[in-house]
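After the structure tokens below, expect a handful of questions from me.
Going by the order they are written in, the chains are A, B, C, D and E; count residues from 1 in each one.
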């Protein structure tokens, strides 16, 4: 009885017009293919020396050789280890502080004037200081990575906590919950999904600092391998390193997204 | 007739209890004073060499000497110039692209699979490539600074644009506005306050990359001065440099906040 | 701190080793530390070796107590004295014998064309003096070129990008530039008589004052470790080169390009001094060092570098060699032999 | 997006030309259907063969339980949603995309926060190329009509909810539409403000000779404003009953209190409440 | 934050002890004032010397224009806002901070989204140390009462607005309060759902012998639920009139339609609408 007819032909370029799943995959693939082809053409055009700007295939080969012959996996794991340890330390500092600052304005009034400007202190400029204070070992690298994110984490977790709706707190109060209990069972729980999101987003910042941390006095890690490659003008290996960091970053991002689904099923369920 | 009496003595540590302006200033000051005193005591305790960990006063003195005797101002201006140029370029790329991606899902479907992973590519690891491609001059530094923020800017401006309420667009449609006109007079205008906020927040990232950009083959700029100081273990000058960057970061942040007030008076007016 | 220096040869039980932190930038000429460690040539010491590409980073770490010794080019003594950095030269370890070359980019046909152009050097490094003298020899005042301050890693990149017109390179970086930049050419090499006579281009061993003053025994043992490694290498050049290559993550070929494959003085690379040759150069033993250098030439070397640092404005006034050179470790090592 | 129909663009502002083929109905919805494509190739029939019409100068009200397709019908009329089957005619012309011949007021506040009240009201005129002076006059007229004269240069953020909806109404009217479409325009307002808005709307519609199609949830509001109530039931959205109001046009009560003096209204209220109970399909809601 | 009053904690769940000094009123608000400190040392008198009381098992309704201080009064009773002057007694005891003897339901959805319906309802019991088995029984009872039995293990995000408010009501009741405080609990719901909720509330309040103080904007809702309507006017919030409902307790109509059969209600409706007009101070809103 009902005729299916779309009287207007809608152009693809309609404001906020959703794109079908298939078209989305198609466009995503074609953008990558265009990018790779463009890269290849440019690199093999002879305009720039291939040593300085190797085509994608050379980079993938270099990557393969790194893993197959130069035990790159050990370096990758070392870098991942540094990221995880440093991020764990940063969370251990930022989570309680951010929660308290977000919950009690009086705590924020004390710490915020200190923490907020610290975000503007460029972590890389601490390298010489950290080297002198802590030496050339892992401590120096890990502290650098912590310094790179911890101020942002504190501020953002504070924001997440402040965004918890006052009504939830007041409801818990009228139900007879104590202040401590509200902090744990309401404020923390309510802010948690956003905090996990914050942690996911800031992890990207940690990855960008990794190379800086591993440039100096590094004997292993992805950054160290890239520095070595630089010395011998192995641009293909440098690009392979960049690629690996990019892929690792995306993997961690995906892992944390999955964790979000796992931890907060209630946010991802449809209405019935 | 009305008695002013607060029957309950409220503890300062009440959830979300706002803090009075005076107390806020007091706490902010005391945290800074505590920080500076702690630093001074630690530095002068004799535990660590004062050369390696100078007390605050030494750092301020170094800062003063840098400005008074070593024409530090020229370096600072050079750094500010690099930040502004590079950020200008980044905005020029990110603003139109982000707006189009946020407005037309089909554009986002094409670019996002490319741009989104690019955020994870660590800008510092491009230094060797940029050195080889562009040399040691300003181009290399500016391109590095652009690479450090542009992917984030694109994604965030896209988010800001996507957040524009569909009803505003539909209203404009029913008022007879064309697609182009809606893009300019509604979507852009509606997203603009959040875009300016995004720009403010991401500027902090640019500042953290400045030092990295100026470390290599730098002849001037704050980073270069810090590198020179490092060679001769002038920790006081390094700290002075960090301080200057922190203060500049805060100044720019404040300037952009003021700009926000200036540009968007309608967001900052009280109801009447 | 665990100072258990000197009770070597103790029987049976597990010895407590004394840790000494050494650094080098990745270059085959400094690789002997890896042999000393790998072969455990001085069992009393536990060598903690790190690779730090910027020698100034190493000097900083030495002054902050994070590092005890480093191998680097041999020009830093006067600067350390002038800037009050608690680091002293303890030995000249080798002259350069062809490894150091000045390379011009293809566009530069004549040294005079370098005026107003950018030239890559490490400020406060030997390369700056090398370049300065060479320019003067070719009638160009060093003030007429623009020195761009880069470490060797970045110098290669800067040269390849075409952005600097000349630079000083040691192996294997010189070859990389020549291969990567068509038309580039080397215009002078450290094996030329002019440079050998001055002994200007060479490497040395530096120790921190805290090591020298607080742990003299460890300082001596450290020097011993280095020269034992040289001895081992001279006897087992193939194995020695392999250890160095692994330590630096270089190709063995690149190592051979610098220190040769047979344990002898290698023209085109460097002339590695053993303890005897080094002590003659330092004036602590009788006789002449090889390559026509003279006994105690380190003092002339000191004067030459000091002079140039004053020209470059890095040193304010000339100091006596004794202020920047510590002879004690070598003296006590020689006394033991 | 389609541009306004040529007729709409050519006609001089505020002077209504009679439709090409004169028909009794201003708006005629004829067996209109809407089928939404859901994820996984599923379909949802939100509106199924709905027919009704609204005469010139009439206020038609769409009433019914949540999810019965009221908004969807209104959006199809506005051209914001395509019509899956059937047809919708305005002054005899089929709808093709949104256009300035149909003004729309949403429940959520849609005044542009970066424009002042006056600029908001001028917006539609500006994008349609009306010269500055003329648009200023028209805007002033409608700002006066919605009693915001003293707030002309205020930003919407400074106004209360009721005032913002008045801006939206003035903006829609300034554009000279043939019909005003309103989707629960007073749903977010508190009751007192709501009454005032209803009375104001009735007054303006009368004096400006406007035709209105309005969605509401509120029985009271429907009773007070309607010339005709189109009552829908849901799953899928179909017409349950079309109820003419007890009094129409000039005879309608002009204040809410006076409505409750009239027994037909109280009867009609009861009847509609019964209807709503009946169509409330889900007892567990 | 103060802990619940000792009386409230000691009493066994759901068994009400009589107040220490027996008084007729369950809740008595006596010349209560609220003064807010604004920025720049300014003060705002939001509630000025308000006195009224609510008897055991009675539903008291606070009605009045926006900004007249309804929420503020309720929050003072809940202990969420301090009392600037005057006093408020619950069963003869003065209020000192929030406590489980007063359950509160807000207009906005306040069910904890990370807890299931059952866990939400158990929350108050859990933080008050009621053992697991007992709290499960109590929760089940109230979940059944608000007819959410089949949604026990659903998360609030899966529920409609009306269902979420029922969760909030069950949660407040499960805690065994002496009085239920509600601030426009149905304000965000659509009318059909709203009616159902009103009828449900009336039913529960009756069978559970609950005392209620509720804020509403909706005249209909006030008429239907109230045993007593406290009508406020604003700037500052003062009592305009306290109106007893035409019928109280068991005599009240139990469906909304039946209410409109009773002429006293229609008269009262008109009277309240007049009152609201009178207190609507700002003609430009």
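The rule we apply is simple: contacts are C-beta pairs under 8 Å (C-beta built on N, C-alpha and C of every residue); 3 or more make two chains touch, one makes a residue touch a chain.
Labels paired with UniProt names: A, B = Aliphatic sulfonates transport permeaseprotein SsuC; D, E = Taurine import ATP-binding protein TauB.
Everything quoted here is computed from the prediction, not taken from an experiment.
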item: Number of hops, chain A to chain E, where each hop joins two touching chains; value: 1
item: Of B-D and B-C, pair with higher C-beta contact tally; value: B-D
item: CA centroid of chain A to CA centroid of chain C, Å; value: 41
item: Length of the line joining the C-alpha centres of chain D and chain E, rounded to whole Å; value: 36
item: Separation of mean Cα positions, chain D and chain C [Å, integer]; value: 86
item: Gap in Å, rounded to a whole number, between the CA centres of chain E and chain B; value: 48
item: For chain D, residues that touch 2 or more chains besides their own; value: 1, 160
item: Interface hub residues of chain A, defined as touching at least two other chains; value: 14-15, 52, 128, 132-133, 179, 230, 233
item: Junction residues of chain C, two or more chains touched; value: 57, 60, 64, 153, 157, 160
item: Complex contact set, residues of chain E against chain D; value: 65-66, 147, 150, 160, 162-163, 190-193, 195-196, 217-220, 256-257, 260, 266, 269-270, 273-274, 276-277, 280, 284-285
item: Chain C partner contacts - residues on chain B that touch it in the complex; value: 49, 51-52, 128, 131-137, 216-219, 230-233
item: Residue ranges of chain E in contact with chain A within the complex; value: 1, 3-4, 8, 78-80, 98-100, 102-104, 106, 108, 110, 112-114, 123-124, 127-128, 154-160, 168, 171-172, 175, 181
item: Contacting residues of chain A [partner chain E, same complex]; value: 165, 167-168, 170-179, 181, 185-186, 189-190, 192, 264-267, 269-272
item: Residues on chain A engaged by chain B in the complex (per definition of touch); value: 12-19, 23-24, 27-32, 35, 48, 52-53, 103-114, 117-126, 128-129, 132-133, 148, 162, 166, 169, 179, 182-183, 187, 204-205, 207-212, 215, 223, 226, 230, 233, 235, 238-239, 241-242, 245-246, 248-250, 253
